[in-house]
Structure formats: C-alpha cells, structure tokens
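Several structures are given next for inspection.
In the two complexes below, chain A is the common chain; its partner is chain B in one and chain C in the other.
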Partner chain A sequence: MSDAAFREEVVRLAGDEIRTCIQCGTCSSSCSTAHLMDNSIRKLIRLVLEGRRREALASESIWLCTSCLLCTVRCPRGIRPKAVVSALRQICEREGISSRDASFERIFMDQIRSKGRISEVLLSAAYALRNPDAAVPIMEMGIELLSRGKVSLDPGTVKGMDEIERIFRELGND
Partner chain B sequence: MRIGVYICHCGLNIAATLDVEELRRFAETLPNVVVARDIQFTCSDAGQNTIKSDIAELKLDAVVVAACSPRLHEPTFRRTITEAGLNQYMLEMANIREQCSWVHMDSPALATQKAKDLIAMAVAKAALLRPLETESVPVSRDVLVIGGGVAGISAALDLANAGLRVYLVERRPTIGGYMALLTDVFPTNDCSICVLAPKMAEVYANPMIKLMTYSEILAIEGTVGHFRVTGVTKPRYVDPTLCKGCINECSGACPVEVPNEYDFGLGKRKAIYMAIPQSVPLVACIDTDACIGCGLCAEACPADAVKYDQQSEEFKLDVGAIIVATGWQPFDASRKEEYGFGRYRDVVTTLQIERMLNAAGPTRGEIVRPSTGEIARSIAFIQCVGSRDHTVGNPYCSRICCMASLKNAQLIKERYPDADVAIHYIDIRAGGEGYEEFYLRAQRLGINFIRGRVSSVEEGDDGLYVHYEDTLLGKTLMKRYDLVVLSIGLEANRDAEVVGNLLGLSRRPDRFFEIAHPKMRPVEAHIDGVFIAGCASGPKEIQVSIAQGSAAASKAMQLLFKGEIELDPTVAFVDREKCIGCKLCVDTCPSRAISVKDTAFVDEARCKGCGTCAAACPVDAIEMRLFSDEQILAQIRAATAVKGEYPFIVGFLCNWCSYAGADLAGTSRIQYPTNIRIIRVMCAGRVDPSFVLEAFRRGADGVLVAGCRIGECHYVSGNLHALQRVEVLRGLLREIGIDPRRLKVAWCAASEGDVLARKIQEFVEELRDLGPVGTELAAALPSGKV
Partner chain C sequence: MTEIAYYPGCVSKATGREYDISTRSVARALGIELIELDDWSCCGATHVPNETLAIGLAARNLTQTELPVMTTCSICYSNLRTAVRRLEDNGLRARVNSVLERKYKGARVMHVVEMLSESLRNRELPIKLSGLRVTPYYGCLLTRPGNGIDSPEHPKVLEDMVRMLGAEPVESPLKMLCCGGPIFMPREDAALESVYHILQSAKRAGADAIMVVCPLCHLMLDAKQGAIERRYGVDLGMPVLYITQLAGIALGLGPEELALEMNSISPLPLLERVYQRMTGD
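Here is the complex of A and B:
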C-alpha cells in the first residue's frame, strides 16, 4: 500500500533530489556493506518513492550503513542516499520500531551526551551487556587492545559539555 | 494632426456586446479626430476603401482602427494607409474585440466604457506617431564558416553550390573534424571516412570556397551584412604549393616521436606529420612543440617544400553572415577517478576504441589490451561517463553514446564472435530512424546488456574488475574484463569560447551555445546574421549535424541573396546630449547592439526594438522610435482620464507572449473582469519605472506587468530585467506609502490565455481587498487627520 505521507517525510528529511533517482545502482555498488543487506540502497530509495513504508522501515539495510558516504559522493543525480538511511533510522526511532542494532546507536549517543566523546571500552561493554551474543567475538580483541594500551577505560570528559547538552536539546532529544 | 477613427462591428463579434454608435460619437469628441465612422467589416475591401478615400479627401495624418488585435490585422491596415499615401507607421489599433467584446460578453455597459478608454488611448498615441522610413542597406554576400567538421563542411558546400562565396576557417591542419577519425558509423555501419572524404575533397576543389586550415579567428567587428573578421593562419613550416603529400619521406626521416592526438594517445606520430591519410589539404605540418630543428625533413623532402622561415599570416574578411560550427570536445575521462582512466592502461575511451577499430588506426583494426598487446576476449562498455552526471557538472545526456557503443559492440562481435561483449547502461536511448532496429540487432548478436551504472573499476592481476549492481536482478556484482571502454560524453568546445565571446553568443547552463529558440529557431543565434550548426549548440549525431549545416546555409542564403537587407526602423536611438556614458544600456541589451564611446551608440542593424535599454537608462537618454516614452505616457494618461470603474488596473503586456495570451483568451471567449486597460509593449523589459509611477499618480489602483515565461523571453532576458525593476519599484512604492502588492507581475505564454485571465481575476480581487489606491496612505496617518 502506498503511503504518501511517509514518502513526503523522507523527501523532506533527505532532500528533494531523491525524486530524481534513476535507479542506476551506483550507490549500491559503491556500498561496502551491500553484500550484507536485504534491500540495496537503490531499492530502499525505490521503496520510499513508492511509499512502501512497512517494507522500507523493516529493512535491516538501514542499520548496516557505515556512513562512509561513497554513495553520496558518486551519485550522478546529486542524491544523498546516506541521508535517506538517516531519515529512515530517525522514523524507526520515533515510531519505536525495534531493531537489534538500534541499541548500538542509542548507547553511542548516550555516551556522547554524558562525556562528549566515546570510550571504546565502555561502548563495547555496554553493547555487550545488551547483546551477549555479539559480545563473544569482540571480547578477545578488546582484551588485547586493552593490554597494549590502545584503548583506555576512562577517556575523560570534553570541555563545553553545556554546549553539547544544548545541541541535544535543540535537536529535540530531551 | 488630423486623425480618422474607424470602429469595426466585425459583424456581431463586436457590435453584439459593445454599443458601436456610442463609441463612434465618443470618438468624435476626442482631440485631433476629424472623422469617426463605424464599419461593418473594416478589413473588407469596402472598409479599406472608406479609409483610403478619407485619407485623400480629409487629408488625414494618422488612422486609428478600433477592431481586432493588431497582431492580426496591423499588417493589413498598414498596407491600406500606405496605398493611400500615408507612412505605414501612422496607424494605431484599439483592440476592442479580443481584449474587450469577446472577454466581457456579460457586461456590455462596462465593456463599452472600457472600449471608449481603449479608443481614447489609441487616439492619444496616434497623435504622437511619426513617419518612419525603412532603410535598405547593401550587404556582403560572402559567408564565413567557422569549423571544418561535418556540419561546417555541409554548410560550406551548400552555400558554395548556391553561388555564394565561402570562407571556411579550421583550427586544425585538416578539415573533417571528429567524423574523419571514426570507424564505421551508425545506424548503417558504413565507413565514416569513405562517405566523408569525397565531401572534404569537394570543399578543396570548389572555386567558391576559400579553405583556411590551421587558422584562427582573432577579432570580429561589425554587424549583420558587414562583419569584419580578422584571423591568422599559423605557419606549418611546409609550403602548401610545393608539398605533394607523400609524407613518408619527411616523417620517415624525422627522429622525434610523440603521442598522436589523432589516435587519442594510442599511436605515435612524428614531429612532421599528416593528421590523417585523407587530410585536406594534403599538406604536411611541423609540430613546433616536438620539433628539435635537426633539419632532416628538409633534406628528405623531394619537393623542397619544408620552409623553416615560414611566418604566420594575418587575413581580413568582410562577410555578411557567419556560421558557427565549432563542434565539441570529449569529456576528460580521468575526471571520473573511480574508473581508473589514465591509471589502468586497459581502460580506454570511445574515441580510442574507434581508432582501434579503424583499419587505418594504430592497431590496424584489432581490439587489443594496451597493457599486453594481446587480443581482448572480454570487453565492457561503461555508459554515461561524463554524461547525466551532476558530480562532473554535466547533467545532460550526450545523446550519441548509446548508439556509438551499440555500434562498436556490434563491430567487435562481428570481428570476434567468441568475445564476451557487455554494455553496462542506465537507459538505452535509441530514438531515431532505424535506431531501435539497430539495438535489436545488437541484442541478436549476443551482446550482453547489463542494467546498472558501474560504480568503479579496479585492476587485478588478471584483468579489470567492474563493480555494479544488476538492478534488474537486484544484486551487487563484480565482473572481470580484459578491456573496459568508457563511453565518454560530449562537452562544449572550450576553444570555441573565443569565437563565442567575439560574437556575443550566449550559452546555456550546459555551456553549449544557445540558439534563438529551443524549438522554432534551431540554427539561429540571438545575434542577427549569426547561425549555429552541429555540436556547437549541443551533442548531435552526424546526420543531424549535416542537416543543421544545410539549414544554417539556407538561413544565410535567405538573408544575403538579395544583396541588401531592410533595417527595421522601430529601434532605439540615443539622445547624445543627455547620455552620461554609464554603459548600463550596454549590459542590458540582449542583442549587443549598443556600444559606448563617450556616449552610447545604437547599431540599428542589430537592435531588435525590445526597448529594455530605454527603460534602463537612468537619464532617459534612450528613446524608441515606436512605442516611445511620450506615446506610452499618453496612453496611460488617456486610460486614467476617466476612472470608469474600481479597481482600475493599467496593464503592460509584452507583444510576444502575454499580449498574445490575452488575444487567445479572447478567441477562446474566456471571460474576465473589465477592470484592466492593456497597453501593448514589445517586451516587459520596456516598462520604464516612470510608466508605473505615472499610472499610480493618475489614480490606477493596480499595475500589471506581464511578459513571457521566465526563460522564454523573445529577447532572451527582457523579462528578467522587468522582474528586477519591479522588485526595486516595489521598495520605492513602499517608501512613498503605496502598498507594493498593487504592482503585480505575471509570466504567461502565448498559449496561456486562461492563465492570464485568471491572473487578472485574482488581481482584481486582491485590489478589492486593498481598497482604492491611497487607502493605505490614509490608514498610515493618525486617525482624524485624513
């Protein structure tokens, strides 16, 4: 079923250019995680333009984007496919559509809000607690990095935390 | 001034709505009017004869015909009064049919009042008309063709065969352009040079064509009929009268090898060289950048043709018309870094594959991998390289690349039936006679069509890896090839910018030269006497370039055949006493007709009479011979003499689009309110701020400025100037206490009568909400002090 309001919201968030998509696939074939995706970035844009809300939001691909921006650099129409992904993530968050990997983003943002920067150790630990399955393969590497002093337990807090808090508040994350 | 007014019934077309007798009686009372008559059909022979006999008997100086649109019958009545001995410009028409009786059928009383105003306006203007003489000036019948590619060749031959003298100037040492370098050409797959070489030879042999190769244009002055052109022929260091074209002797002796630009870097040539075996003229040329001055070629030449002391030669031409056929340049494929051109030797371009396929090319017709010299067994064509691509600033389709790749893939498949040939495409564009059939043939030959744009090419140990999504399968894939051909797009020729600037040609956003109308005038430039053919105005295939060359030649013939051209007298002229030499007009004029040397000067041969300069002049030093300031101001004053209704609107409509749109509303019987009095101007850019202010000063509640849609102005940019002026004027109105919403602009095409009618309707409603002009002044004052 076509959901025009959904399409218009994504267009508003990700830019009007997405209407000009010619489905050439430059984005998908530039994508470093395309082989893991259920729907390619190209197809995601098609789903959005067709207003196929449920399929688009349920797509695991949304959470596999690494934000490398190669799609955005190469798109011959000047579309920002990464912005489409961000828009879909935002809508998922708002609608509370659960996804295994969304937790990582939340932990990431919580840490930024409390310290202004990321502690690899604390981020991995917090993520491992919520996703014990994912913890095992990274545990070994974590211990190795820690022992060699490549990562530290407490990276400290940045200056101007009030500014960071203000950014969060202005973006509507109360 | 003695004016006769003729009010047409047009059967019942006018008389059914308007009270013609009342109009006639009203006209009699107007100043300068010595006779006012109503006529059943004014355009009939009887009607015209009435006017003619009045001119003779009553000694009329000017005639006003209140009837249909001047766009319909102005030429008729101009002829009528000329036959009676009056100057053709002593005529004014009041458009009481299209813009009155037909659009106000339900309000006869108000329509009659409006018609009175229209007649009064026409009479007021007629009183200020002056006879204008049409001057004929002799012109040069010679034509300059710039660019010796297939379009230029086609133009030159057509002109010469019609008996006109042609100067064909080509920058390179040979004519033939890119077509001379191609292998077989679509959609017939006939040998390119085999069909072109006879034409090139014909150019050389034709006594009416003076061929100037290895030459460039330095300066162009003058205007239509008399362009004075200066150019230079560069030294080849080979005497063309002595060179026999044997080339093997001299270039065989030459010790210097450089990449051959005519093979696009694939092959080599010597410092003394011939561009292609079929070069015209068949004369060697020394590349001074490569030559080491050893003198071996001069020793080897059996004809003693090598002349190291040859000088460049300047030439001067006087021509009546110029055909710009400066062609295109290939997209620089190394700009798409992800495809590896310039880094990976086995990534080549369309032009290189053309040379490889060419039996006279660097590989003698074999498709090889440049890295190993072995025959390529798998070949990928990557489409849209440098076309349809915002990242390189080329959003347009290059139009020929699909067909070129289809053709080259076919040629490869025919020569190597076992080869794996694939075309990676976004869309296949095969629109043209026989083109879709050509596509079908390629499919039948077993060429693999893969739908999806290639994102990158990587070099591996055993070949090139192409990354793409097969969008029809929905799979991201990687495929290995021996050879990758980048189907590069066509770009505007950067070297042609010099010629463009000398002539004052405008460019589209895609950087190609702009033609006078994107549909109706395909080979005319905005500058009179200048024509554009072939890829100079955008990517085109060979057959279209040839057709355009012929079309441009035929346009030049039409212009010059009589040996004289008539100058339109309805142009701008400068009051040199008033002019302060500010040059604002120079920048405003879309026809490049004005130059300033102390004071401004209008080249009447170039001026098209739009009047944008007259409106722009800050000291009113520029005046129009027709549609003069005083004539238009007289119309405004006559319109506002009696404010017969509220709200009262004065409209300025451009002749080509909005006035024509209003006429169409009439012929379509689209009804709109009677509140507007329309004044015709040639261009919205003609509307002087003083016209708008005068209308408000005289009590108009609103002023409408309407022109062609943005981008469609008959004079290129007049409506943009109008828009700019209206914006400034709105600020001024606000300052003097008039609501800026009282000044409205509308852009409407000649086909948009409904749009114009709706705009007028809306404006009337808006003005009703605003109240009569001056309401806002009263509101701004403290209460009780009005």
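Here is the complex of A and C:
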C-alpha cells in the first residue's frame, strides 16, 4: 500500500474532516494516557495526513488509547481522533501486525463471533495463554472475583448466531 | 406498570453481578417492569475497531424490542447511542438492515441513571442517606461522545442524584478521568496508575464512598483496590457503590437484595452509620 493510499484509507474510515486538522493539540491535552504515548494523538493524525504509514502503524499510542472519547468531544474541527485510532487498529489487524494488544482485541472479537457474548473467564484464559506474563495479575483478579461469587463461565447462549456471523461477514470488510 | 427492555450486557452475570441484582431489585421497588432483552448479544465494547461492524452489533440488539432499551453499562450505552445516531444516515441504515433479521426502525436508548432520576424525582424516600459524603465518579462514556444524558464537559446529573438520595455530593477533581478499564489486560500498569489517582483524589476530597455507574469502572475501582494498595503501599479502604445499590438503600431494600456482600471493599460499615443515625444514636 502506498503512503497516499494509506492516508486515503484512514480518511475513508475515520472521516473526511481529518483533513482539516489544525494541529492545535486539544485532543492530546485531553487524553488520559497521553503521558504514556510515543506519539501524541495530535502527532498521530499528522503522521496519517503526511502518509507516514510505517511510523503510524508502529506507534504504541494506537494501543494506549482507552476509547474515552474526550478528544472527540473537544476537537474544534469535529474530528474524531479515536476513529483514527480505530482505523489504524483495523489496518494493523488486516496486515497481520501483531502485538499483545492486538491479540487481546482479536480474542475479544473472535469470542463475539463464535459465542455472541463475552465470557470474562474464557477471555482472560485465552489472553493469559498467549501472554504468559499477564497470567499473574489475571489470576490475582480471578481469585478476588471468585471469592465474591462473581465468576461465571457461562454468559448464556445466543440463538441468533447466523445473524451475528452475517454481521461480521457482510459489515466487517470496510 | 412501566415496561422497559433491559440490556444487561456481558458482565452482568460475572464481575458486574451486584449491579445486575441491585438493578432488578430497585426496578421492582419502583414499580418498573424490566423485561430482559430477547437474545441480546455483545455490543462489541471498545474492542471492535471496524465502526460499521460495531454499529451492526449494536443494531441487532436494538431490533429485539419495540420498548425503550435500558442498559446499566456506560460502554454499552455509548455504543448503542452512537449506533442510533449513525443509523439516521439512510445509506448506512439500508446496509445494516440488509443483514439483520428484523429491520431497524429507530430506538430509544437509556442508561439506568436516567431511569432512576425519572422515577426517584418527587418521590418520598423511606431512608435519607443524610450525613453520607458521596463522590460521583462519571468515568468516560456516560456522557460521551455527547448529546446524551448530560453535558460531557460539566455534567451534574450524578451530583443531583446523590442529593436526591439525601446524601451530600463531594466534588472530586478526577471524577471524569478514564479508569483505564478498556486496556487493563494488556496494559495493567497504565490502568492501575489512573485508578490509583482517582481513588486518592476521592479520598483527599473527603468522600465516604464513591458512586459509580459502569461495571468496568467498578471492577477497576473496587475489585482492583486491594492490588493498588499493595502496589503503592497505601491504605485506601474506599467503598465503591453502584448507583443502584445506593438508591436501593434509600428505598429501604436489604443488603441481600442489593448484593452488598459482593463488593470487594465492604460498604456495610457505612450502612451501619446510616441506620444508626436513623435510630437516633
């Protein structure tokens, strides 16, 4: 994918208004995880607009976004910076750019597609299996929740799984 | 009797059980019939980056009923509301409808906060939570991305609710800082740091308890509080109650009906204070 094609794809996914970004930094100064990011959300948008595909997709910031949407509430241009993050996550997934964060998202979506609902136990177990260093805090959490009777393996079954499969197949290829 | 469709969301049977239990109890006490949404499925939370797919998942849930749809989770609420707004676009609506079993024709979405503020207004409560200093924690998605329950910049709906219950709202500066819940599994450190600051700021503000409106916020502030105390070497002991638990107490419901024993930081000592004051000690 050329750099211009990359820019156009993100614009198509996240909205044409991105082109009007004035680099004011309102988004980054509102961001709850800005202090942990390598590129601020403002910078990430510049990377996209300049077609700097490799840098944008390699940025850890994509995965530090908590989806809190404060950037989106505040942007004076009506840009949705979180939508840019989502577009970049989607491209990473398609291009097989993997990381521990990407694997979490993958497991989450696979579970919806196969069961219709999320079981936190299965989600945590699948994630810990692929990321063994996460196992200890997950176990700790599990013990705390188990002692309060708040662990359930079965989130109930969904009858309309055909419909869910159709939603993934037909709407998931943007 | 008012009928409302209830979308419990995936965590209602697990980490958010006390929210589910207390929501059902409070609705019963208020004479509201909650009808669990037929065959509901996951809304995708914050983990479906493809927006069209996410809207499809939300829309499927909204087509399961003609009634207004109430949810207790701020993430589900934000997703469902976003879907309603985006589906005003006829092109997108046609595309989504082409894969749905029942066609989407518009929907009303509400958060349990709205259900409570509508039905508690002008209602005489048997128990006033007077003397209790409660700081509301908004988190992110109750008010975002906007055009919902209250202003995303200067909300007051939860302070009003605390007052309605007879308690005293305490302003905590970090009441809208994200709890980091959506990234807590891959990014534990980052999430715990945010929660540590949120809890400390509530404590410094002099709150007796924090009131939350989202199961993920609750998980982070309550169930993870022990881990935070150990990691930062602090003693917090800050009870974190769901809005439905606090409302239930004021409605005179018992600890079992509100699943108070399921909270990690026990709210029972606080309750004793409320009861003691009532009996005039």
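Here is the rule we go by: the second predicted complex is superposed on the first by the 168 of 174 C-alpha atoms of A that agree within 3 Å, B and C clash if a C-alpha of one lies under 4 Å from a C-alpha of the other, contacts with A are read in each partner's own complex, and residues count from 1 in each chain.
Throughout what follows, a residue touches a chain if its C-beta (ideal position, glycine included) is under 8 Å from a C-beta of that chain, and two chains touch if they have at least 3 such contacts.
Being a predicted model, the structure only gives us computed values, none of them experimental.
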item	value
Residue contacts with chain A in the superposition, chain B compared against chain C	C
Which superposed partner A:F168 touches (first chain B, second chain C, both, neither)	second
First, second, both or neither for A:Q23, with chain B first and chain C second	first
Partner chain(s) touched by A:V73 [first = chain B, second = chain C, both, neither]	both
First, second, both or neither for A:S32, with chain B first and chain C second	second
Touching partner for A:P132 - first (chain B), second (chain C), both, neither	neither
Partner chain(s) touched by A:G96 [first = chain B, second = chain C, both, neither]	neither
Touched partner set for A:S40, first chain B, second chain C, both or neither	first
Doubly contacted residues of chain A, that is, touched by chain B and again by chain C	73
Contact footprint of chain A on chain B as seen in their complex	338, 384, 388-391, 426-427, 452-456, 467-471, 474, 476-477
Chain B partner contacts - residues on chain A that touch it in the complex	22-31, 34-35, 40, 42-43, 73-78
Contacting residues of chain A [partner chain C, same complex]	13, 32-33, 36, 63-70, 72-73, 80, 83, 85-87, 89-90, 93, 100-101, 103-105, 108-109, 111-112, 116-121, 124, 127, 131, 134, 137-138, 140-141, 144-145, 148-152, 154-156, 158-160, 163-164, 166-168, 170-172, 174
Chain C to chain A touching residues, read off their complex	10-11, 13-18, 39-42, 44-53, 55-57, 60, 78, 95-96, 98-101, 140-141, 144-146, 152-153, 176-178, 180-183, 185-188, 190, 194, 223-224, 226-227, 261-264
